[in-house]
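Some structures are shown below for you to check.
Both complexes below contain chain A, partnered by chain B and then by chain C.
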Partner chain A sequence: MSRYFGRKLGIYALTFVVAVTLNWIIPRFMPGDPVLRMLTRTSVSNPEAIAPMRTYYESVFGLDVPLWRQYLNYWVELFQGNLGVSVWLFPAPVADVIVRAVPYTLALLLPSILLSWWAGNKVGALAARRKWLDNTALPVSYALTATPYMWLGILLAWGLGIVAGVFPVAGGYSFELRPQWSWTFVGSLAQHWFLPFLSLFMVAFGGWAIGMRNLIIYELEADYASYLAALGAPRRLIRRYAFRNALLPQLTGLALQLGVLVSGALVTEIVFAYPGLGHLILQAIQNQDFFLLQGIFLFIVIGVLAANFLIDIVYVLVDPRTRTGMQGAT
Partner chain B sequence: MHRRSRWLVAGVLALTLGVAGCTGGDDGAATSGAGGLPGPAGGGGGAYPRNETLYTSGTQWGPPNSWNPIIPGYAMGTVGLAYETLFLFDPEKTEITPWLAEKGEWADKTYTLTLREGITWGDGKPLTADDVKYTAELGKIKAVPYSNLWTWLSAVDVVDPRTVKFTFSDPRIQEWENWLYENAIVPKHIWESRSEADITTTANDKPVGTGPYEYLTHDQDRMVWKKKADWWATKALNLDVKPNYIVDIVNSSNEVALGLLLQGNMDLSNNFLPGIANLVKGNFNIKTYYPDPPYMLSANTAMLIPNTTKAPMNDVAFRRALASSIDTKKIVEGVYGNIVRAANPTGLLPVWDQFVDQSVVSQNGFAFDTAKAKKALADAGYKDTNRDGFVEGKDGKAVKLSLIVPAGWTDWMEAARVISAGAQAAGINVVPEFPDAGALDDARTAGTFDLLINNWAGLSNTPWHYFNYVFQLPIQAQQFSANFARYESKPAWELVQKLARTPQDAPEFKATMAELERIHLTELPMIPLWYNGLWSQYNTTHWTNWPSSAADTPKDLPTTWNNLWEMGSIKMLTQLKPAAG
Partner chain C sequence: MTDTEHVVEAPGVPALAEPVAPLVGKRREALHFALRNRKVVGGAVVILAFLLLGLIAPLFTDHGPNEYVGPPAAPPSADYWFGTTTFGQDVFLQFANGIRATFVVGVLGGVLAGLIGMTIGFVAGYRGGLVDELLNMLTNIVLVLPALAVLIILHAYVGITSVPMQALFIGLFSWPWVARAVRAQTFSLRSREFVDLARLSGMRPIAVIRREIAPNMSSYLFMTFILLFGGAVLMAATLDFIGLGPTDVVSLGLMMNSAVHWSALHLGLWWWFVPPGAAITAIVGALYVMNVGLDEVFNPKLREM
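What follows is the complex of A and B.
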């Protein structure tokens, strides 16, 4: 057991180092110069001021030392929780900017990932056994899973927001409110959260439902199912076994899908003007704010790695074969 | 059958419960995040009463992050609502009017400024001459944007607590007036403890100003200002800002702004909303400054900027041919649906019409005429030798020019396509390209482009600003704010400097202007295209008496854009009336 997790942790640590390094390298190879961006912003009109201002901003952004030193500093500061200063939102520290946006993104991602996985599996399993449900749920699921996140988002915002006027189309909570502990405020949060959540949920839901339906059909045709049936086991029992077996690939799928879901959430946030990381990423790219970009990617990398690790643990819990395998290995 | 329906019901129930349960579960997560924000959580009430609150947008494109009036990029209203300037600029009378200052007088090379009595900072301390001196002297720090002030200002002296004397080495009247109304005064007693580096890097998150509003709260997607109990102008000028709260919504896209405006959840949108003409005509309670085309006031001039360091843009004949190949009318009507106006060939905004010398324009101006453009090219020796439909350079090499505008600026992208089509019809191979805004900034600053569109020649107190934008010398390796065409004309630059020193009412001012217009039109270092609008649309459901061209309505600039509050937009707030009911 400990060897299994030790190996896993080692792999994750290595991935982390590589990801963080790439994260540091890629923005630096992007065309563009953050210092120039600042100088353009302040539109220096005094020619004599350009050189001193350049040196000054280089030191603010830590660009005045050799590259290897910048890389080392990056790691040191990373462990101190310091992600540098944003160029686009100068002089705000990147960590502050991200911390303010992260709760919104997490509040969208976690429920939509978990619920769509759960509901998709349930409905898919049902569909495998009910022809009429199969005939309705399957086409709907195919349509949903093929829908781009933002397109569904735009449809929902237009239909339920602009035309029906049931849901708001922008913001994290009503523009009339200040953050506080009250039912009005919580209600407003939920109201603004619902549509972006729904569009994420629906697209992911379709994918899981199709996957589960196909897996169940496959499992029900497996030898062990036929054997159980021949032994006269009740259909209910057979289905339960099939469902459990089918869940495992779906769990792996969840780990693989995390990245896609995160990017989906980012696009959805832009559509609904939801104040999460999505809008920040877009603007950071357009403004060549590579400190902010680094910070956000770092957050995503850590998030995806942590989620994968959790899924590894869950895998051990739900699949007895893994445990047996590990005992055999030790 | 019975069993099936039971399953279905169970499934649907599970789904609904799941969604509901998740709604509950999520709230915890989201609120705990929001609860951590430094909002005045205990500040009772919570909601802003609709009839006391003005909702605006169109200024901020990212989370509010700085309230430092010294460094550009501050939150909407930092200068204007919180910090104030010594003078305001009145675009109707085209003169500066006293604001924090009571008066200012020139005597040879000195300017004596008297402050109004009874102005206090948000913390109750009085505004004094020391604050003005301190603010001006901040310009000695190189990283402060107005540091070039000190190349022609030599000393600032406090005469008494209400009087400051500025002594100039080179009295540039026009440039000085520009400084007076564009820069906010900061309180010395709070700022003097900050180091040089702090002054230009602090977010200044507790702004203490003299203005009518104070910081209330902000979040990722909004900035909220609250009316101060007493504001000096209420007593001194009988002005009272009407909204008790101003909530400025951060733009994510113009579509979102349009949605909010239509729903009546936004009162003033300063976004570019294509097709707004239909909404103004329809029954949506949406109004603009003019009820008919062009609907909007003009805010700045969109210019086609050729890089005059490259061939063939270094040839004036080529630039003139290019200018007459552009169908500006098609841009105004087709791309903008008439919400902008075609620019005068001089490029001077309509407020400067009095200074446009019509005889110069009729002699040297340009107009859309493809045949004339072709002829001009042929006369200048540009021929299509390889018969691909496009002229070659004088060296015989093919000419292919890229016209860059920022990706996502849909109106400019369309305009670039119109320009390219016009130029190609005349035989000039212009190809539109759409890089990121940042990459475009770099190309413009470093001078690595062929053609681009820029509109930084905006509304200001003096046409000097415009010609400074066109002709500024010397050319640097990096051009940050002016003369992106990198055009060297020493005579023009001398005239621009002369303009800076001439009072606007002097007869030479007009003569100098006419001479500059002549040089601009004959040499055409930049090609004026159209006047971009001061995008502004209001929903009259909750607030009325918006500025408009109609009689007996306010004439202030209806905008929340930074740098325009000090052009009198602040007065718009004193004129608004809550809708009855």
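What follows is the complex of A and C.
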């Protein structure tokens, strides 16, 4: 088991190093001059002002020392929690800006991922044994899983938000309120949260339902299912065994889908102007705030890696084979 | 390598096609069943219809998709089938051009990701040993890296100027699951007698992979490409929607981006944002359904059901 975790952690550590290195390399070695772009953005017409600004930005980027030194410095700064200063919200540090947005993104992601996974598995398993449900749930699921996240968000915002007027369509809470612990504020939060949550939930749900349905059918054809049936075991028992076995690949699937789910949350936030990381990305792009963009990138990578590790732990808990060390998820 | 992994990587895909000697006969048989499978035919019809629309419709007009040709914010009519934007651009024209871009990005991105994934999977599975370890590590790293986040950083710094360039970037980050699945299948094919025979007869490794191993997975590889196609389309739409796609070309994602940006939702211009998303859903959905149908065609076990 320790070997299993060791391997996993090794991969995650390597991935983190790769991500940080990418984050460091891309601005430096890619065509295009980010310093110049930042300068043109400020649109200084006075040529005398450009030179000092250039040296300033270069020292901020740490471009005035040898490359290996820059790379080392980058890591040192990172471990001090210093991700630079936001250009958009100058002079707020990038880390602060991100930390303020993260709760909103998590509040969307966690419930939608967990609930869609749970509900999708349940419905998928049910669909595998009832023809009528299979014939209705399956096409719907295929349509949902093919839907771009932002489009479903737009449709819900337009249909339920603007036409029906039931839900607000922008922001994390009502613009008239200040963040505080009161019932009106919490109610407003929940109201603004619901539609983005719903659209994330629906798209993800389709994929899980299809996956579970196919896995159950596959499991019911396995030898153990036929053997149990031959022994005269009740169908419910066989179904339960099939469900438990099918849950394992679905758990692996959850780990593989994390990146897609996160990107879905990002664009959904953009549709609803929900004040999470997705909204920040949009602002960072529109304001050419590269430090902020890179900081968000690192945060997302760390979040996905942590979630992967959590799933690995859950895997050990639900799959006895990984515990005995005989075999297991790779 | 466990059984479970197999299933996850290749949902609804035949575990392993049995090597059948007469390849031509097998192909004819597959075609025979494919033409009689409602899912395959239905999916193919939808995709072909969109492809034709994207290819033909822009030819019948002499102005570009971004030109201001009509009255502003007009609802769908005989003149402007999908209405016009707040600026008087023809939505149908943008839509048809966007479908073009969607197909380009899907095919190029899918082919590129497929090629990378197959190469890495074949080499890792066939060579084994240290090469396999290293390639597997690379695969796992790219697999956990959230692709969209990397693409956003790349797009923001490099700037995307054309659709093929966008497809290149998408392809570069969407191959890992293909590599893993191909590696697993190569692994199990490698020890079969016919592969041993080919090796003993002095064939070079590349020839063994190309002539003996790959043909046995051709149906699987084709289905992989279909899934990659759909994935690339969704990814491109996401990037375009964020505003990181090529801006000189009209794409479906960009249409949704401008619709939201110019508050089409509040103005009630539903004809501006409904068609692009519906087209993406229809194309990707048709690809998925076709994939399920092909699964039934290639896998006789499912066919009987």
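One rule holds in what follows: the second predicted complex is superposed on the first by the 289 of 330 C-alpha atoms of A that agree within 3 Å, B and C clash if a C-alpha of one lies under 4 Å from a C-alpha of the other, contacts with A are read in each partner's own complex, and residues count from 1 in each chain.
Simple rule for what comes next: contacts are C-beta pairs under 8 Å (C-beta built on N, C-alpha and C of every residue); 3 or more make two chains touch, one makes a residue touch a chain.
The model shown is predicted, which means the values in this text are computed figures rather than measured ones.
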Check: Where does A:L160 make contact in the superposed view: on chain B (first), on chain C (second), on both, or on neither?
Finding: neither
Next item on the list: Please work out whether A:R100 is in contact with chain B alone, chain C alone, both, or neither, and reply first, second, both or neither.
Entry: first
Check: Where does A:V140 make contact in the superposed view: on chain B (first), on chain C (second), on both, or on neither?
Finding: neither
Margin query: Looking at A:P148, would you say it contacts chain B, chain C, both, or neither? Reply first, second, both or neither.
Written below: second
Notebook entry, point to check: Is A:P91 touching the first partner chain B, the second partner chain C, both, or neither of them?
Noted result: first
Notebook entry, point to check: Where does A:L189 make contact in the superposed view: on chain B (first), on chain C (second), on both, or on neither?
Noted result: first
Notebook entry, point to check: When the two structures are overlaid on chain A, which partner does A:I311 contact: first (chain B), second (chain C), both, or neither?
Noted result: neither
Note to self: Looking at A:W181 after the superposition, I want to know if it touches chain B, chain C, both of them or none. Which is it: first, second, both, neither?
What the structure shows: first
Next item on the list: In the overlay, answer first, second, both or neither for which of chain B and chain C A:W132 touches.
Entry: first
Item checked: Interface residues of chain A shared between complexes with chain B and chain C -> 31-32, 157, 161-162, 169, 270, 285-286
Next item on the list: Within their complex, state which residues of chain B touch chain A.
Entry: 4, 7-8, 11, 14-15, 18-19, 22-23, 25-27, 29-37, 39-43, 46-48, 50, 53, 55, 61-63, 65-66, 68, 71-73, 142-143, 145, 147-148, 151, 197, 200-203, 216-217, 219-222, 224, 247, 249-250, 252-253, 256, 259-260, 262-263, 265, 408, 436-439, 441-442, 445-446, 474, 476, 478, 480-482
Notebook entry, point to check: Once bound in the complex, which stretches of chain A touch chain B?
Noted result: 31-33, 36-37, 39-50, 52-53, 56, 60, 85-86, 88-92, 97, 100-104, 106-107, 110-111, 115, 118-119, 122-123, 126, 130, 132-133, 157, 161-162, 165, 168-182, 184-186, 189-190, 193-194, 197, 201, 270, 273, 275, 279-280, 283, 285-288
Checklist line | Touching residues (chain side chain A, partner chain C) in the complex | finding: 11-12, 14-15, 18-19, 22-23, 26-27, 30-32, 34, 142-143, 145-152, 154-155, 157-158, 161-163, 169, 210-211, 214-215, 218, 221, 248-250, 252-253, 256, 258-260, 262-263, 266-267, 270-271, 281-282, 284-286, 290, 293-294, 296-297, 300-301, 304-305, 308, 327-330
Margin query: Using the touch definition from the top, list the residues of chain C that touch chain A in their complex.
Written below: 1-2, 4-5, 7-8, 11-12, 137, 140-141, 143-150, 152-154, 156-159, 177, 230, 234, 237-238, 241-244, 253, 256, 259-260, 265-266, 268, 270, 273-274, 276-278, 280-282, 284-285, 287-289, 301
